[in-house]
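Several structures are given next for inspection.
One chain, chain A, links the two complexes that follow: it is found with chain B in the first and with chain C in the second.
The block that comes next holds the complex of A and B.
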């Protein structure tokens, strides 16, 4: 048995930040778009950090569109021209431009408490206090709180108990909490602020929830505009005819599905998210269709790591180049799949999303 | 030898964050997929202390799509079980039943169905013995739609549960016994996601899950619904259906439900596993019940009157929780359809 065919103007392979942004802009212009997503994208595992170059008009355009979309879904992200400081679960600070009120802890704040939640391993207040104390004028004060309600199952009880404890037992004016579970309602921190009378913020930690929130918001935006997101599909093959690709096969569990399209955008990520694979001879395209090479990269001392992270798909005027050197007329690549677009510690998702946003018009031109 | 699972792990922790058993039981009683699938094989001296947690994995496979390296974590946990040699009492019982009856549960069928036709309905051991009303409903729905559905007189376990506990010889014996019946059939349909996958993978029979068959072969217009009665339902996503047969099956389920007048589907705030898979229902019934209760609570919070699951095994386990009506999806649809026979 094979599944019913999908026919779209554009197939986007990869459902992370890059894929969803390019799909969103294409859908905004009235194109029918299908996104095939194989697994948890790196976006979801990231800190959800977005650092933008404010001199870039593409960045401003991206931000003005997406911030409004996020607000419609109940998440109030704000742009800050001077990057605010968020915190990793190793206790180190990091800069970002697109901040949510959930983690807008700016470097000016000194009157800060870090409250660990017993059972939530994503933030250790003692470690944070020690690390942040080294680089800042005042040490955040560590506290531990042992909740008797689950924030997921009983957010009301949890808010009441924690809010009371923050009001009565914490002296500082700003409270940093570990990332709360993904399903926690967006209004939850506002509720805590009201109950405790303090500024309550949530730390951004890698592998935890802020990345998932951003992923959910991007998916929500795309789907609202009619993008068909095919989840848990794997890209099995792409058919190339001359200088054009015209169809691809996806797997859905034990079945296969054919997708026909006029344009294809590859947004499958680098090694971590499975877009490229490491073979005995270095980084390769697992489908064996496209040419992969390395960009010049500096600042990474391990040669192997540098080679892996700086590797990516070769493109000519944005179009993917096959192993025999032909650039395909209707196949584009966006995001960290491109060489030079992934970094060991991450400049955040700003570059990737702005690049995807700016590539969409070229894709349309090729249709 | 280091397997792909052990070597491919980047230690990101995504599998740990999503594991529903870990969420339910906490890290003190269940160390999570990474520890069991990736770390345990490297540190075999610690295996003895993992024998009990190994039994707690429901094989829901939620860790697999979460894994950025796309490692076969469930299979690795099952391999560890076999390697450790811990076979639960339930596992031993399955093998002895298989030897005696050719099925992992003693046959108890009360399913009424023609013995001949063109669409072979494969009930599966659990469907036959523990959820016969689900099987009956699915057969009725196929017949109501005009299909010539039948249940053969002789059929045996597909082998899936036996392979999971390492009883490969027994699984092969039953596969060979099933072969003539299955190969003769024009079409093979089953309500059990486990059977659908196993028959395709091991027996090369392109068995369809009943949802796939309903959606692909029977146009919804061939199903007639009784006069509408407003009802609110929640839809459970069975792990083995979504992640083994394929995610398209739930799209089909939603479209089928949308065609029923008066029926409204509400979304649950918590996606999860029923808790019964991977031998947990028989080895650790308390854990299975707690996990089932999370699902029924979530459905009740969403305002559902009935929780629907397109998997007989999920239905059996979800019913343990009590408090909310749980129905197999096709059996539920059968009660709403007008029988044209």
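The block that comes next holds the complex of A and C.
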């Protein structure tokens, strides 16, 4: 069984932040682009934290384009020169440059209440208060609120009830809530702000919605520009002719799909996302086609885990190098598939997206 | 907890044996206090293979221990049903194993009273498809799978119900003779005087006896085990050969535990990747798929074996109750050697010796009454009060999942966290199994920290402790899992691979 053939200028293998950014920029320049996305990308599982290097003109370029795109989809992300602090559900802080209306709790805010919602175990206000006091010398005051409406099923009722409680019972000017379900509508926190007259923000936590929302915004941006996103597709094989790749096979369940292209961008992620495989104690390319090695890194005590996380595809001037040592003219690699780019050793989403943005012109040149 | 400053008996050590003695004596109406330096079952008991021996493993070389296991295994199946899964066991001989062993094995089992029966290899392969098709012979025995943590906690609950005071995180700082009695300083502030002291400190029994100037002929033997994700076998699978390394696969809860090794090693020494490799190579002779199975963790315990010549595999697995009266420490009784399977018998014999010292008479009842930690319903297989919460019988308890690997709810974490016994994340894990599954607390660690009100410091300490067991199995899927955990934990500024002392 097979799916209809696809022909595109560029095939991007991988539908996370790196793949979608490179695809978006290529589409912006009028190229036809197909993105093959296998499953939930790491971006979706992240806290959506974006840290940017403000001295990098590429970062400014990336931000000015994407922030406008996000706003068109209803999300008001802002780039701040001094990174704001997102509070995690355990009371640790994370710096980020790209702040959503939900994450703009800055270290200047001293007048903070942490409100736990009974039934939502993602934020324990007592614990956050304790940890913030210990690590950041902030003294957020803990509160508990027992909602009688579900934020997903009845956002109106929930907002009315919670907004009233925040206005009447909470003395502080800034309120931190647990991460709300990712299906909670945009504008919900703005609604709470309006009702309570307070600044209302959410805590960050892995495996909750912030990464999913960023992923949705990136997908929305790519699709608006005509990028064809092929979901539930695994990269099975790549046909290489001499120093060029011209065809790839994808699979979706038992069905296969042939894609022909002039350029290929690999954005399949690191060992966690499955872009790289583990064989015994070492990291390899799952296709057996490309050379993998590890970069120098620090930040994790375990040498073996450090080597695993810093492993990635070897590239020469951005082009992937095969196990035979040949760099393919029209095959590029972006994102955490690259050596040393993988969070937490790399700098995370910000670096990944800016690098992907800057790689697009090189891909066009090779077409 | 009210502290009686003067009691009849002070028990040192909260493993299966110590808590078994507390239960035994309390049931006989004796006033006892038990003190455990760390958490219950945190030593050799918790590092056990999770196996309830039929005795067959020792039938040929250690018949005395075999007979003890045979009788006690059956007793435990009656009194500790809540923590035993009666899987049954097999002994199989691999392609290259000596077939002659069978001729000694079956008669020895018969001699020890073990219900051992040779069965058709084809029949075994039908029920255990993962076994090597080349196995040459198979014997069925009544081995079973047991949860040592829940067994010990069951003892604690039963002992308390009978009036004993049982404390964890209560180390003995010093102990000395005071007239005809003993005076012990516990945890730096509590002073307890007792007529009789029972030393059930397991691998630390030598040091404990030494505090009173007594000595015990003991040898400490390290054994390493590997935990695999999922149940690879339905019954326990033993190797039909003289006891050696990597002989036994135990289907245990959500996992399969492969063990063991035997070497000299101090208590607390972690499992090594060399030991893991040796175990996998050995087990592959009967279960070839073990090479690609997902190893989740390795752990090591130290067996407090009886000394007196033999060491390691040659040392007997039987036990001894030592009255230190002849050494000049009258009133001190030590228990050494033995196996988890025979803990009740050890407790009975030690308690008999205590009763004699006290000049009291009352019969042991531990074999007659079920260890029923959960009062109002029949304690069926692994049925726990906590599971009743899971099913939502109690109001106001969150059934939201906290640990997906072991299906532990937030409500269950909160319930256990409210116990005064639970001081840290490890205590919570031993009572709920949260964090024991294949993600090794990657996803539930923060919920566990929340439940006990601990911050990043405790999170670091707990994950660092878990890491020691993960490091020797960093290959294949578990390596990916740990890479994922590094992503998650970095959000909390935690390096989970950093062993924190």
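A few notes on this one:
The rule is short, and it goes like this: the second predicted complex is superposed on the first by the 359 of 367 C-alpha atoms of A that agree within 3 Å, B and C clash if a C-alpha of one lies under 4 Å from a C-alpha of the other, contacts with A are read in each partner's own complex, and residues count from 1 in each chain.
Note that in this section contacts are C-beta pairs under 8 Å (C-beta built on N, C-alpha and C of every residue); 3 or more make two chains touch, one makes a residue touch a chain.
Predicted, not measured: the structure shown is a model, and the values here were computed from it.
Superposition of the two structures on chain A shows chain C clashing with chain B.
Legend: residue contacts after superposition of the two complexes on their common chain; A:232 is shown touching chain B, with no touch to chain C. Of the two partner chains, chain C is the only one touched by A:47; chain B is not.
Of the two partner chains, chain C is the only one touched by A:281; chain B is not.
Using the contact criterion defined above for the overlaid structures, shared-chain residue A:322 touches neither chain B nor chain C, since it reaches no partner. Shared-chain residue A:359: touches no atom of chain B or chain C. Touched residues of chain A were counted for both chain B and chain C, and C has more of them. Of the two partner chains, chain C is the only one touched by A:305; chain B is not.
Using the contact criterion defined above for the overlaid structures, shared-chain residue A:257 touches chain B, although it does not reach chain C.
When the two complexes are overlaid on their common chain A, residue A:174 makes contact with neither chain B nor chain C.
Touch criterion met: A:126 reaches chain C, while chain B stays clear of it. Applying the stated touch rule to the two superposed structures, the overlap between the chain B and chain C interfaces on chain A comprises residues 42, 45, 119, 121, 207, 272. Against chain A, the residues of chain B that register as touching in their complex are 10, 12-14, 17, 26-27, 64-70, 196-197, 200-201, 206, 208, 212, 216, 242-249, 269-270, 297. Touching chain A in their complex are the following residues of chain C: 398, 400, 402, 410, 443, 446-447, 449-450, 453-456, 459, 467, 471, 474-477, 479-480, 482-484, 486-488, 490-493, 495, 497-499. Of all residues in chain A, only 1, 3-4, 38-42, 44-45, 119, 121, 152-153, 183, 207-208, 230-233, 251-255, 257, 272-274 touch chain B in the complex they form. In the complex of the two chains, the chain A residues touching chain C come out as 42, 45-47, 88-92, 94, 119, 121, 124, 126-127, 130-131, 134-135, 204-207, 270-272, 278, 280-281, 299-302, 304-305, 308-309, 343-344.
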